[in-house]
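Common to both upcoming complexes is chain A, partnered first by chain B, then by chain C.
Presenting the complex of A and B:
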């Protein structure tokens, strides 16, 4: 009897969400199969890779990344350089200096920076907040206004501030709203429901379902993503069909495997290699678990992950 | 004359005035002359949203006037009144746009006139989030300038957006009230027709934030009714033109409050002669809740203080329910009986008492709300413990009439008084229970005789009534159960089905808690489960429950029974207070609680049992449950009920004895049933347990085999 392969494609599919404008615009999602299951059906939009810079500029980067930005005098210079690295599909600027418990930079200063960066590059943009929910509500509201017409991703609205960020980014200024929850399918779903009840269209939402560096409770991340994709595809749960975007860099470069210097940990070997390895491992795993986009920091990791995606899709 | 005729008359007057103005403009500039409001992409926003048509020049404006005329039907029906109201507002918009011909700037400070799209977007975000709780549109001069200014300031203090038309503006200027877009007080214009500018804001909010399609008049009215919390305050005398504009506002869902008028319409046109009460009347009429962001007390309030112990030597005062009469109570009242944020202290304050003394206290929190139910009273009351403990230098233990409250000397010296205790309760109840509590007041009694009297005449009867309610609350007497998936973060396929007689296995979520959670957070972890299609009453299996479990477990679980430990038992997350497992030799079940560290006759310790039972999988023969469930008539009812219990740790037995014995007496006529149940002092192995049970004549021995 001849073997007939049965396709595992689903009737439901992940929403296709476009980010950015013009020639460089990208689309994530749209697939009706499990991650990288191209043998079940074609995946029209391969996962995308973004590069992260922060308002802190070159000094804020790990030493091994600083050298990639040699000669960059400002954050805007960095942004221009960042988008030239191989494999970069979009640029993410993280406004971590806004944190009231950190540098507490003013909203005006950071928004001016966002405007300057937006003017300097033509790739799609992601704006990330500082992780303080009150400050993010203010920052990302203003960022949505400043980026009007850019179709940027605003990362992210959380349960505590989804109304402000959802109304601003999703309704008033028509950006793509990032919905961030903490590694729990129900919380992810609840936030999507709340945002859509607010009036934000499901097609303008992308999820950050939470992440961790590989080895740091990472199995929770993977199982959450697995379950989200399973519910979205096999159960046609429209409240979970938003594509997933995962900021990997901000987790990975803080763990000791990436941060400890070779002087402190000679037996661990070269620090840069370790950092790149951690970033690649984490990114590859979240992509395999269902992320439609990852945000990384080291040009070498970006190149590798981008090559991997091209080889698989 | 009837109210509708007055509205029609006002509408006619405005129409004539606008028709004349439009005709004059056409004559002066020609029909091709462009008309537009500055800084908006929505043409004439109200007309565009109502009809779907944009107006670009005077000729089109004249055509639009014809469309408006067709709305002005004159039947004696409410619909005609609303349509004429809208027609009046559209006429106002036409009249106003004429002023902007040739890029003119018709409004000078303090007047704002037309507001830009950017302004609508900027203010729209806080409006959508509720940070701006509502929009007050104030028309005409108040009886005195002081009253007018006070009203405006009262709204401003609540964070509202205030739009003003006519005499009220001069009064505010006279009283030195700062106005302008930056302070959210907008003097629109002197003429009543400038009302078009605030209507235009509401309409554009619907277009931008509500995704309303232009031309969808019904959708527009629905959106503004549900999402734009605006209302009108119009001072007497109300002329027919103002009334006609008001009819338009009412059509959009905005109630109007006035101080003197021969007509009133419930919920829509409200006469409140006392202008000082307009703020409260308006908020109630439009169902606006003000967010409380700060608790007004002289010490810190944070969960960091929750575990703080106040030693005898450090305490300024102690209220001790175990020695003198004390209690805490939530009461549901009618909205009219409650003055929001009233905090009344009846009797001496902390400062009037000797240092370190033991005193009586009774604090009653009275609440009212459209969605309030008396079932929520204990749910709210139980939170007092956490609220008061979060106050720096305050300790609270117990509940109901067995409370103990200590206030430290430092906190007292910082200026803390009983008023602040009231402030804490008020602020927390209003913010945490905003979905059900619209109004709240706190009464604090400290006279010992009064506390004694209230305790016996009010508090104890209420507690008794609640207990009775809980006792009569059975699975059969309710229409719905609730799901609880709070634990899915770590036990992804587990779903608790919470019924009145089977609380969540963690022991923390009763049916009433789940009901309140659902009411307070409709998208949250507790969802309604209907129970309309029973499959098997004996084991408690329902088609609707199975469907819900399938949905909430994302397909991991197909079916559960509510009352069986063997057939499709309910799953467990891992939070169970107790685990019950079959002990085959004695034909019964053993229960172990989490605190019990020893061995059970099943041959497994609690942790070993837990590893069998948790993780959201069905393990026939094992079941996780709350302590309270042990005395329930539904406890493994399918297998014969509590008669099957043959063993539990001594501590647990003592905790549940009273209720368990009562249930056994009621169901089987057995006295002191717990004496027949073994514990670790009798046996930790099945053989000695069996000997003990035989000696006691335990009913399980003669029951049908379980397996």
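Presenting the complex of A and C:
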């Protein structure tokens, strides 16, 4: 008897969410199959790759990335350069200098920077906060207002500050709300429910379900994403059908495998290669587990992941 | 040494002496001054507040006491050091648990009705209500120079004859008083006899003209509350009933804190004294005083308590209960007698302990299971005991499965800033107007009683109503604004249920986001335990044909609200029944009926224990359950329709 493959396409779909405006606008999600299962059905919107810069400028980058931005005098210069690298679909600016426990830059200063960057590039934008929930509530509220009309992703609303950020980004200024939870399918779902009850449309939400750098414990990340996709598709759970965006860079470049210099760890070899490898491995894994977009830092990793996506979809 | 004077609103001062720098809560404990300290003195719960009436204390400031209150003299005793002679006012709310408990024993007509129903159910299940104790009158020939048999043989012969048995046992206690009683009564005596097949054991000997009464004592030792009954062993009549707070409370609100406390030097004795000398003996004395029963006529006692309580009651090291692999010293024991424990009853009275079946499923559950009669029905029944530990039994006449989850003291008002046990002044029910957000309260106590705090059933109502009115989000955070909704400087929201002017407490009665969070966790623990236990059998909630809810949460529990916050499964409300304090009803049955005692042992042997901490899905289910009503809304279809 001949083998007849059964199609694994589902009746449910991941929401298709557009980010940005004009020619460069992108759409993530929209698929009704598991990640990269193009043999089950066509994947209309391949996963997208973003590049991350921070308000700290070139000096804030790892040494091996600094050289890619040679000649850039300001963050705006960096942004202009970043969007020219091969495979970049969108730009993410992380406002980490806003952290009250760090540089504690003022909201005004950072918002001005966001405005300047937005004016300088035409690709879709993602604005990431400083990870302090109170400061982010203020920072991302102002950023939402400053980027009105840009259809940017605001990353992220968490359980502690979803009311402010959700109301501002999702309701008042019509941005895309990033919903961040900590590697737990139930917490991810709960936040989506809270945001939709607040009035934010499910189609204006993307999830950051939490990530880590590839390595010990990473299986939690993978199984969370797996289960989110399974619930969204096989159980048609509308509260989990939001596409997933995963900021990989901010995790990867902080772990010792990427950060330790060759002088400190000669047996580990070239630091740049290690960093790129970690970034590629983590990104490939979260994409295979269900991420619809990843945010990376090294142009080389972006090129590689982008090539991988093209080859698979 | 400094002099510490504790003052009470209703009661005499207590004076103690303390070394410089000594912790005030410790001083109170040593002097037997009851200050409620559910968190065992970790400054976590804010319950041990006292008022400085004179002198001074070195007290750390905590978030539990506002600046204003601090200025008025309010201090947390657990963070206060004695640095001078001092006078301390212990507020009534702290001493409330001592005597004024209204718990799910037999306080109200409603509770009594529930008790009678349970008794009838047990009888319907074929359990004969009779025991092996009886009073037998015998007349012996008086000894003479011609009749030289010793007293004990004379009695044995008489008993063999009267009872038709071939062997008779005389305990030392009887031997001791034998000569005196026999001669005083001219060898016409009444004997309290325990019969077992061909054996008769003489428990007590009384002269013929004395009033012979065979009584028994049934006790439910809860982590928070102790309830007791004195019954007539010949007809099962209840002669007295009472309840009180467990005196061990000052060593911590939950079993873990108490186990840690008993590990300290002399701790086991302290914990045993707290339950026996400070709680049970006064309770027995009070009941005997009220009913005219002589404590010496209590010939048997039955104790139903969780595994830890049983160990602490017996004065046996409970530490292994807490430590992996969680092996207690005993599940069952019949080696205890009143005299071993210093109980104020007949010294040779045997103590029946309802058997434990695991470290966290104890005699209260096996006794409760007997009372629930789920073992006698083909209906798939779920029995839930809402205590500090939530325990569940699911099954029918074919099988039974049990598990325990740590719900924390929230159901009894612990871990809740304005929480209290269901005593006078506790808000036990509440409705809230959706438009105005104004509450309507039902308060435990006499007409006109002002609210002091909130008990378990009240918290269920308030959370359910806040959620229904859209005042809190499914995560328990405040999402509406109004006069009754406040946010402190840290941004924590709260709902004022009663303003200070309308309350009998020292501050506004409010429910904070932290309280709601604690309660959501407690209800999440119960619901996820139900799901995991049913899941392990491949069942879902639709298979449950009836739900029996027991525990001190009170007969005021509103099942509909408990379902709407996702504490109980969403099945027809008619399937839910509140069965009161099933542990006490079970202890009563075991005391009065030898068949019931055997049945409980049988039930315990046939129950499978599911250790939730070994179930990988439990944590996941728990997180999913910590949401109102649940992360998976499809589990609560009846709520979605609205």
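Basically, the second predicted complex is superposed on the first by the 312 of 313 C-alpha atoms of A that agree within 3 Å, B and C clash if a C-alpha of one lies under 4 Å from a C-alpha of the other, contacts with A are read in each partner's own complex, and residues count from 1 in each chain.
The rule is short, and it goes like this: a contact is a pair of C-beta atoms (placed from the backbone, for glycine too) under 8 Å apart; a residue touches a chain by one contact, two chains touch by 3 or more.
Here the structure is a predicted model, which means the values were calculated and not measured.
For the composite obtained by overlaying on chain A, chain B and chain C cannot both be accommodated without a clash.
In the superposition on chain A, A:101 contacts neither chain B nor chain C. When the shared chain is aligned, no partner comes close enough to touch A:11: not chain B, not chain C. After overlaying the two complexes on the shared chain, residue contacts for A:163 are found with chain B and with chain C alike. Once the two structures are overlaid, the count of chain A residues touched is higher for B than for its counterpart among chain B and chain C.
Legend: residue contacts after superposition of the two complexes on their common chain; A:230 is shown touching chain B, with no touch to chain C.
Among the listed stretches 92-100, 146-154, 164-172 or 290-298 of chain C, only 92-100 clashes with chain B once the two complexes are superposed. Common to the chain B-facing and chain C-facing surfaces of chain A are residues 163, 184-187, 190, 193-194, 197-198.
Those residues of chain C whose C-beta lies close enough to touch chain A in the complex are 473-475, 477, 479, 620, 623-624, 626-627, 631, 633. Residues 121-122, 124-126, 128-131, 208-211, 485, 488-489, 492, 523-525, 554-555 of chain B are the ones touching chain A in the complex. Interface residues of chain A, counted against chain C in their complex, comprise 159, 163, 184-187, 189-190, 193-194, 197-198. Across the complex, chain B is touched by residues 141, 145, 163-164, 167-168, 171-173, 183-187, 190, 193-194, 197-199, 201, 223, 227, 230-231, 234-235 of chain A.
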